[in-house]
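The chains carry the letters A, B, C, D and E, assigned in the order they are written, with residues numbered from 1 in each.
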């Protein structure tokens, strides 16, 4: 299943947030979206997943939705969005409970997905007992459990400290190499973008427009060998965005 | 490197556009769960309810023994206004309310800050507060008469007692919730103890204190009736009590409506105070 | 008559000696004789009892005439149907009390009450009426006595003992009990100011009075029999010591139950005041009370004695 | 590169140690501002206070009119126990409390959820709640008798009314405070409306609901006295009222102490419930 | 003024947090402290600044405290620690109010320091109106206003998004180049450490011990030219820490 964004614009009242976004995503492709603070990245992701209706334009699903998926478009949130009153297992099962699985199927799915994210030992832990990195692993496990066609990841690593971020980035690369997944990946972090993205969409300041789309053809698992190329690319992206980031940072927030 | 990394413009994407034959829009599943107050409904509800009530009374569907018609209550209110007694009752009550509430709140804030700041005060006072708080003031009225007399003393004391304890509790809760990082910051700049209390802890606890005022204000109004049980000739509470003992339900409803209005005005006032003092909150 | 199923009625009562007539009628089976299956409903104060009769929760009650009672009668909810407690010369009736402090300061006679404070439960209560009648007789305006509404008898006692109010009037056993404490002095009798004071009356719902006349009559018959026993044993003391003792024991089942018999007995004996024979009703005095309420603006001027009283059941005078 | 970046072991640092002649330790300026409850002080305070009070009463320094000695109050309590009346009073009161409180809380939670979830309910009900909340129940007692009779109905209704409104307010406050991101997460996994309410909103509002229970429980106990003003023969409130009307201050204090103990037990119980249901909180 | 840490150890109850830390800082030197989550970095900084007393060992001030400093050891916190009820100006003045400055001296100091941190336009804004980056600039301005001898910075950039972090890092480098300052700088982020540190102290897992101290002699303003050397250094640091970071991340948090 692919997605096609057609001339998406969005405003909140008088605030124009997105302007004429056209974008495609293809199977097993990771599309990174970068842009300065407040340019509408999260809004765009919400529109893609059907959580918000755009003022103009539409999001189209192309091709068949895979038969075994429970939730074709599945989010991973910056703040993990785990239910604090459920254990790791309970949080994963939340996503499965409404799909009429039998008890044993449910058990099997959950333990499979926990094993894949190396969480098996933590099945009965509550979120408050977990470090940030582990929490996000649980959120990833929950997302994988519904066998999504496309994952929508909104700055999944930016609430983590940078060492944990490194660890999780490695995990995501591993996962993609092993199983391959399709994802929109919103981030502020250009190092993340060049490490994970097949396409990097650069948005302008609000109202967010596509300034450029950068493709990186190096396979994910080979990227460490091309560190220098990526660094240059990252610098190029940063030069493109620096001014706008500065302006966005200095903006006063009105009530 | 050029092999590995290439640029595309957004235009080139649109060209190899999708095969629209199997294209279906993504279903919408967001929204909701954010009830917004709809303007204009509140007066409508009130007017509707009162109209229904009046209608019921007029047709005898609601017996006047059970509930007097709103028009009768309004008539009682008009009599109160025209006789000039409204002003006398209101000023008597407001004076008691204000004195009792201001003293109770001030003392409550002081004791609350002490409990919030000192281990000894906390150990000694907080269990006392928890033990005395749940005592209904109305049960103590006979003792209050002995302790504070039957003049203004016992009325003010009833309100003072009623407002003191919740204020203590919310204040020290507020102090406990002040961000410890801010206090540590103050210490790191070498601020004195009193500066930290005045400049960091008190403003930090202010939201809790104001919301405590909301509670203690309602309690003060509720206690007005109890307070004015003791030898009060004038006052809204006394008016309601007399109406109750005469079973003059029209006056009773009028008095209750006055109390309710006082409660709403107070909530509004504290809302304004919060807007003013807490404009720094997001 | 045992062949019929007895009529179930609820009788409202306060745990006071003045309600003894009902207790006696119940204990000695006078209600049963009249085919009445009585359940007592006890109250802390008279006012809720009146409201409960209006709401139909209670069928009969005994209480002083108050503004609330008159207003309920005016709403067509209740009727006074007979007399109960009655002030009578020669028998200890309600007494006028002053605090020690006021007494020492020279308040030794009711005629000196002008300008002093006087405890009442509520504006429009019998205490309020008594204060004004004293003033009237002594020749000054009712408003010259500063009445203090304190809601409850207990509160008035506290205020009087601690000298915060100067004067009060109350039934004899409470008055005598207080006088023993030396913090309170007795300076007069209410009976000197309100001759033939109809202190309490029997009342029922307007519906009963209009539609169940037979039931009302049977109740009053049993009630009167109880009152006769009570008067004979404790007021006129014509029945002998044993009967008096038995009577006190009977009443102790209902009154001062939390105190041991030895302590309760004197209070019960001291509290005995005449309960009208055959529930006779002193309408003259009731009219006076009604007029007073009207003059104070506590009840509507339009209310007539017939709205309040249904005199068809007992002898009136 | 070796020129630019070098490694040192921590040992080599210690060798070129400092010139200790002008060395002064950094002054300590932290600590404090974290009052800890000191164990054992609370009972000590209570015992000390009661001992002082008893001493004052024995020596006549506190007149028995002003306050009976604790030993007298305790004596009254013993009489209550020995006569078997404590059980009767307690069971009557607890029954009213429980029924009134459970009904009031349940209804309050339902209406609170409605207001928290639906714009229409919010617009229609929330102003009504704000208007009725500040009405003292005690003022309405005469009407309650007409409406609910003199039996258990009006007593339970008084407590029900008293607990209903604060529960509504805290519940919808709790619903408003549920993290909207969690709700959005639920929607993003395609959860149905009822699943979101049951699995996300209700547990998320539970802390607020439980702390609402704490408040409504205290209110229920306080209202017991008012409720039992209406023709109650038995019950702690009735016992206190009777004691007050006989000016039996020893019994009054004993009754008040029972209420206070009930309040403390309730706080403890809700504390346990919070520990149990909210063990997921940090 | 230099600082000398002598055999510092610390425990909270049974929890040993720091073990035998010996460390020096010299004038105009930035010492970065890196280490896995929970290894005691913040605790160490609190001990250095006199906010916490170590269980063993001591912190010594060597040489004279500069005469013009109002607060020799001054913190900059991760969460900015601005008073939300004071404007930018008010927050800066908080640090000065107890030093008996006249009104005009105060005004002058504040406007000087706001100018140096490019905040002059925002003097009257409240914290809630500012982006994270601006908030941390205000905290830096406040710290500079007391003319500190040594700054103690606890992950000053880790609450910011990575673009803002880049911008502020540039600002810090500028500031150091212009005025020179002495600082302990705690961070998780190795890129930050190699960009700003003259010495990088690597702590082990809890109980934190010094595993290694890495010196970087390249002047701060020339570091961009040595990007590759720094990258190698960073990778070396990461290899040293990776295992411990992973272990720290997977630890269950007990109550």
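Throughout what follows, contacts are C-beta pairs under 8 Å (C-beta built on N, C-alpha and C of every residue); 3 or more make two chains touch, one makes a residue touch a chain.
Model, not experiment: these values are computed from the prediction.
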| item | value |
| --- | --- |
| Subunit A onto subunit E, rotation angle from CA fit, given as a multiple of 5 degrees | 180 |
| Identity of the chain that, by mean CA position, is farthest from subunit A | C |
| Separation of mean Cα positions, subunit C and subunit B [Å, integer] | 44 |
| Whole-Å separation of chain centres (CA-atom averages), subunit A against subunit C | 83 |
| Contacts with 2+ other chains: residues of subunit E | 46, 49, 51, 73, 128 |
| Residue list for subunit B, restricted to those that touch at least two other chains | 29-30, 65, 141-143, 146, 184, 187-188, 190, 241, 244, 247 |
| Per-residue multi-chain contacts in subunit C, two or more chains | 47, 51, 54-55, 152, 154-155, 158, 162 |
| Full enumeration of touching chain pairs | A-B, A-D, A-E, B-C, B-D, B-E, C-D, D-E |
| List of subunit B residues in touch with subunit C within their complex | 64-65, 141-143, 145-146, 149-150, 229-233, 238, 241-242, 244-248 |
| In the complex with subunit D, residue positions of subunit A that touch it | 46, 49, 51, 70-71, 73-75, 77, 79, 81, 83-86, 94-95, 97-98, 126-128, 146, 152 |
| Subunit A - residues contacting subunit B, complex | 2-4, 22-24, 46, 48-53, 58-64, 73, 199, 210, 212-218, 226, 229, 232-233 |
| Residue ranges of subunit C in contact with subunit B within the complex | 47, 50-51, 54-55, 66-68, 71-72, 75, 77, 122-125, 148-152, 154-155, 158-159, 162, 164-165, 298-299 |
| For the subunit A and subunit E complex, residues of the former touching the latter | 36-37, 122, 125, 128-131, 133-134, 158, 161-164, 166-167, 187-192, 227-228, 231, 238, 241-242, 245-246, 248-254 |
